[in-house]
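Two complexes, one shared chain (chain A), two partners (chain B, chain C).
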Partner chain A sequence: MAHSGINLIFEGQNLPRLLGGLWITIRVALIAIIAGGVLGIFLGVLRTFKNRFLRFILRLYLEFFRIVPTVVLLFLFYYILPKSMNLNLPAAEVATLVFTLWMAAEASDIVRGALISVPQHQVDSGLAIGLNRSQLYYYVLIPQSLKLMLPAMMNLISRIIKTTSLLLLISVLDVINVGQQIIEANQKQYPQGAFWVYGVIFVLYFLICYPFSLLAKKLQKD
Partner chain B sequence: MNRKSKSWVLILTVVAALALIFPAFAKPTTANAASNDSSVSAIKKRGTIKIAVFQDLPPYGWVNKKGKLTGYDLALARQVAKDLGVKTKFVQVNANNRVDALNSNKVDIVLANFTVTDERKQVVDFAKPYMKVSVGVISPKSKPITKVSQLKGKDLIVTKGTTAENYFTAQQKDVNLQKYDSKTQQFNALKNGRGVALADDNSYLYAWVKNNPKYTVGIKSIGPKQYIAPAVKKGNKSLLTWTNKEITKLNKANFFEKSYNSQLKPYFGSEVKASDIIITNK
Partner chain C sequence: MSWQIIQQSLPMFQKGFILTLQMSALGILGAIILGLMCSLCQYFKIPVLKQIVGAYIELSRNTPLLIQLFFIYYGLPGIGLKLSAYTCGIIGLIFLGGSYMAEGFSGGFDGIPNSQIESGKAIGLSQGQLTRYVVFPQGFALSIPALAANIIFLIKETSIFTVIAIPELTNTALDLIGLYYHTNEYLLVLVVGYAIILIPLSIILTWLERRIRYGTFGD
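For the complex of A and B:
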């Protein structure tokens, strides 16, 4: 009975279960980051256009996802959509959808900010050599703004990854949820189990998030 | 954007958010007969029953080392599916989203240590209970408390928000209550001798006393009995009737007694009899 709690991690199916939970966490986060990132760049470009109606709609979208807490968004999509629209998605898909829309909303603002920070003379020069509007974005604005948006984007990405820890609230069997099941199931045998399980989860999250920091550093230098 | 249009954006955002949320309240949450996705025939047609269970509450619903869901509620859930002739799909719930899981059609039935209360009866339909709990009182074996009258003027340890706190506050005014925030705190307080006894749901106490043999459940049951029952979506008559028949049938077959012996007895120890927990009126 008096052995250290680390055994808990390696007992039975515990470790494979934790890693299975981690895979679900990574899958939700990765799909959201990639799909949301692409959508966010597109919307960010649209937001620099002069059309007032378009800007208003996109602003509304951004503010909705920025102001409403993620927990509320998850509950909205998980419980209220099925009730009012008869759209009953599995929990992990609801989570992916919410995180994608959230990523897109916040990314659109980062992209917009970066695009309008590209110096005006770059735009003028581009126009002077006869680029049309899409060429201007493709050759001048987007390449130059990429570097400007990197720090904020990396920040957003690690926020998305960390926020997946809320998924247990809508019963997604993510790494935190599996961890809690293991802790509760072994409460009697391993009273210190929580420390070890959360310790392992801490390391796992670090292993996912840290490469993004390294990547950002590298990209910033090049 | 100027200040005026900014405030408009804000207002419209709020309106849009409300518009999203509103239909949920406007729509009655009863399942109507025409489109009842959770009726017995619909479940049989689908071939799976969606059951809400706890996955972190031993010994009722939890995951064992092999990664398999197990527990007293799970034993019932599997039996229900077997008798319906369908497969099971378990949906994990927490204490506070059991009602929503039913109302949003995430599950057909809740088997998650769901205590019947008047408030909950307004929003879901409970079938016949399959378990009972009530408030119990533990005390050191050396100075056992076996009657409420022994507590008069003494300090009793409880946790805030529990049925035990409610009962003693309302019904036993001459007992001094010491209120704590968590289970861990309350048990530590008892061990340190801060009160003469401790009151909580008796099922927790049985399990705790088993690991702390210096203490005994002196008062096994006090105050009103509370029942644990399966719940279905409000108005789902078809599944409710079927479940009631099922519970009666299982009771006759001594299913709950067997389930008690295999799932709960190892946790509760020998101080408890099956009849303290399960409902045996056949």
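For the complex of A and C:
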């Protein structure tokens, strides 16, 4: 290649712009992971309660978010919130909301699974020394289940980050959207721009997600 | 919400529905074959291939399908490799699914209790016999739950094909919304469309899981 297309990345403001787009992507993921994680732990605890009705509702919530593809979820919220509820949010906030609810749904299942696999004698011992329900969760169940849920949580986090690539579809100015702008603006000078820009974004996503996948593997082994 | 609008749109959704099913089927089949080959390379620790497979799995698992598709569809023509959207979609799905399936199979093979392998060796089975009579039957049975989860995951991922303008379910809905603005109706059909595929499939796969599971020692 005589004039390699990789120069396109380093020309002018292109690299800072790409990284700026990446920051928007990461911000959506970060808020969703934190807020959704907290909500997910809360819902997961609720799902271990005996109340049938509550468990049914939460199960329905989980299954809905599992069955409907994320692309479709994004569009559902993006189109229906303003139309039916008169709630006009910027696209990035709609996306944050969707990812938070999705994270909460998936996390609640992980938390529930971890809570019910804490050995029964731990619960019995806790009750025997006179802990009440909330003390039992706070001092016994949640600390012990944390270790069990961490590998699955790491995988979920990396899934959330990967899925933020869909932000482009509801026209959030994320890293891929910025990439497209750069490619289109330089079409004449760099006909192979797409190869390099998408290649760089590919690598960027890999660099962000790989540590989580390594961590998940390591946690699984311990 | 108007039933008439829904009824009128059904023929178009039907086309998208069939395309989604078709591409999912091809992609999943390819992913299972690729995944099986990759996991066998890893299980038998074939020298160079094992490292290549390891790198492929990490690369494919840690990048989103959307950017993989963009790279294949828009990026590769830059270096002279031009493929139709349909082919790109299937290749993308196989590239993504292959690594998930490989992890599923590996999990199954690794889950076989050591006592089984040792017992096999103790009664004098050769490596080939051991693979044929001990490793495969038990490994496949153990990997079914992971494979089932991956199949559902891959079908949902086909919704991303809309970005390279493949007229599957999601793309059909978005097109119709853009044309006629009957947002609620089309989104409803879209959700129902995926539910029709995924809910029965998930029930069948759960049933299959219970059916195929081999009893483990002590069951």
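Going forward, the second predicted complex is superposed on the first by the 209 of 222 C-alpha atoms of A that agree within 3 Å, B and C clash if a C-alpha of one lies under 4 Å from a C-alpha of the other, contacts with A are read in each partner's own complex, and residues count from 1 in each chain.
Here is the rule we use: contacts are C-beta pairs under 8 Å (C-beta built on N, C-alpha and C of every residue); 3 or more make two chains touch, one makes a residue touch a chain.
Because the structure is a prediction, the values reported are computed rather than measured.
When both complexes are overlaid on chain A, the residue A:Ile57 reaches neither chain B nor chain C. Applying the stated contact rule after C-alpha superposition, one finds that A:Ile34 touches neither chain B nor chain C. Within the superposed three-chain model, A:Leu76 lies in touch with chain B and with chain C [touch as defined at top].
In the superposition on chain A, A:Phe195 makes contact with chain C only, while chain B stays out of contact range.
By the touch criterion stated above, A:Tyr205 is placed in contact with chain C alone, chain B being left untouched. In the superposition on chain A, A:Ile67 makes contact with both chain B and chain C. Judged by the touch definition given at the top, the superposed model places A:Ser213 against chain C, while chain B stays out of reach. Of the two partner chains, neither chain B nor chain C is touched by A:Ile129. Common to the chain B-facing and chain C-facing surfaces of chain A are residues 67-68, 76, 79-80, 83-84, 169, 183.
The part of chain A that touches chain B in the complex is made up of residues 11-14, 16-17, 56, 59-60, 63-64, 67-68, 76, 78-80, 82-85, 88, 169, 171, 173, 177, 180-185, 187-188.
Contact residues of chain A toward chain C in the complex are 5, 67-72, 75-76, 79-80, 83-84, 158, 162-166, 168-169, 176, 183, 191-196, 198-199, 201-202, 205-206, 209-210, 213. Residues 1, 9-10, 12-13, 16-17, 20-21, 23-24, 27, 29, 55-58, 62-67, 91-94, 97, 100, 103-106, 211 of chain B are the ones that touch chain A when the two sit in their complex.
The touching residues of chain C, when paired with chain A in their complex, are 58-59, 61-68, 70-71, 74-79, 156-157, 159-160, 162-163, 170, 173-174, 177, 183-184, 187, 190-191, 194-195, 198-199, 202.
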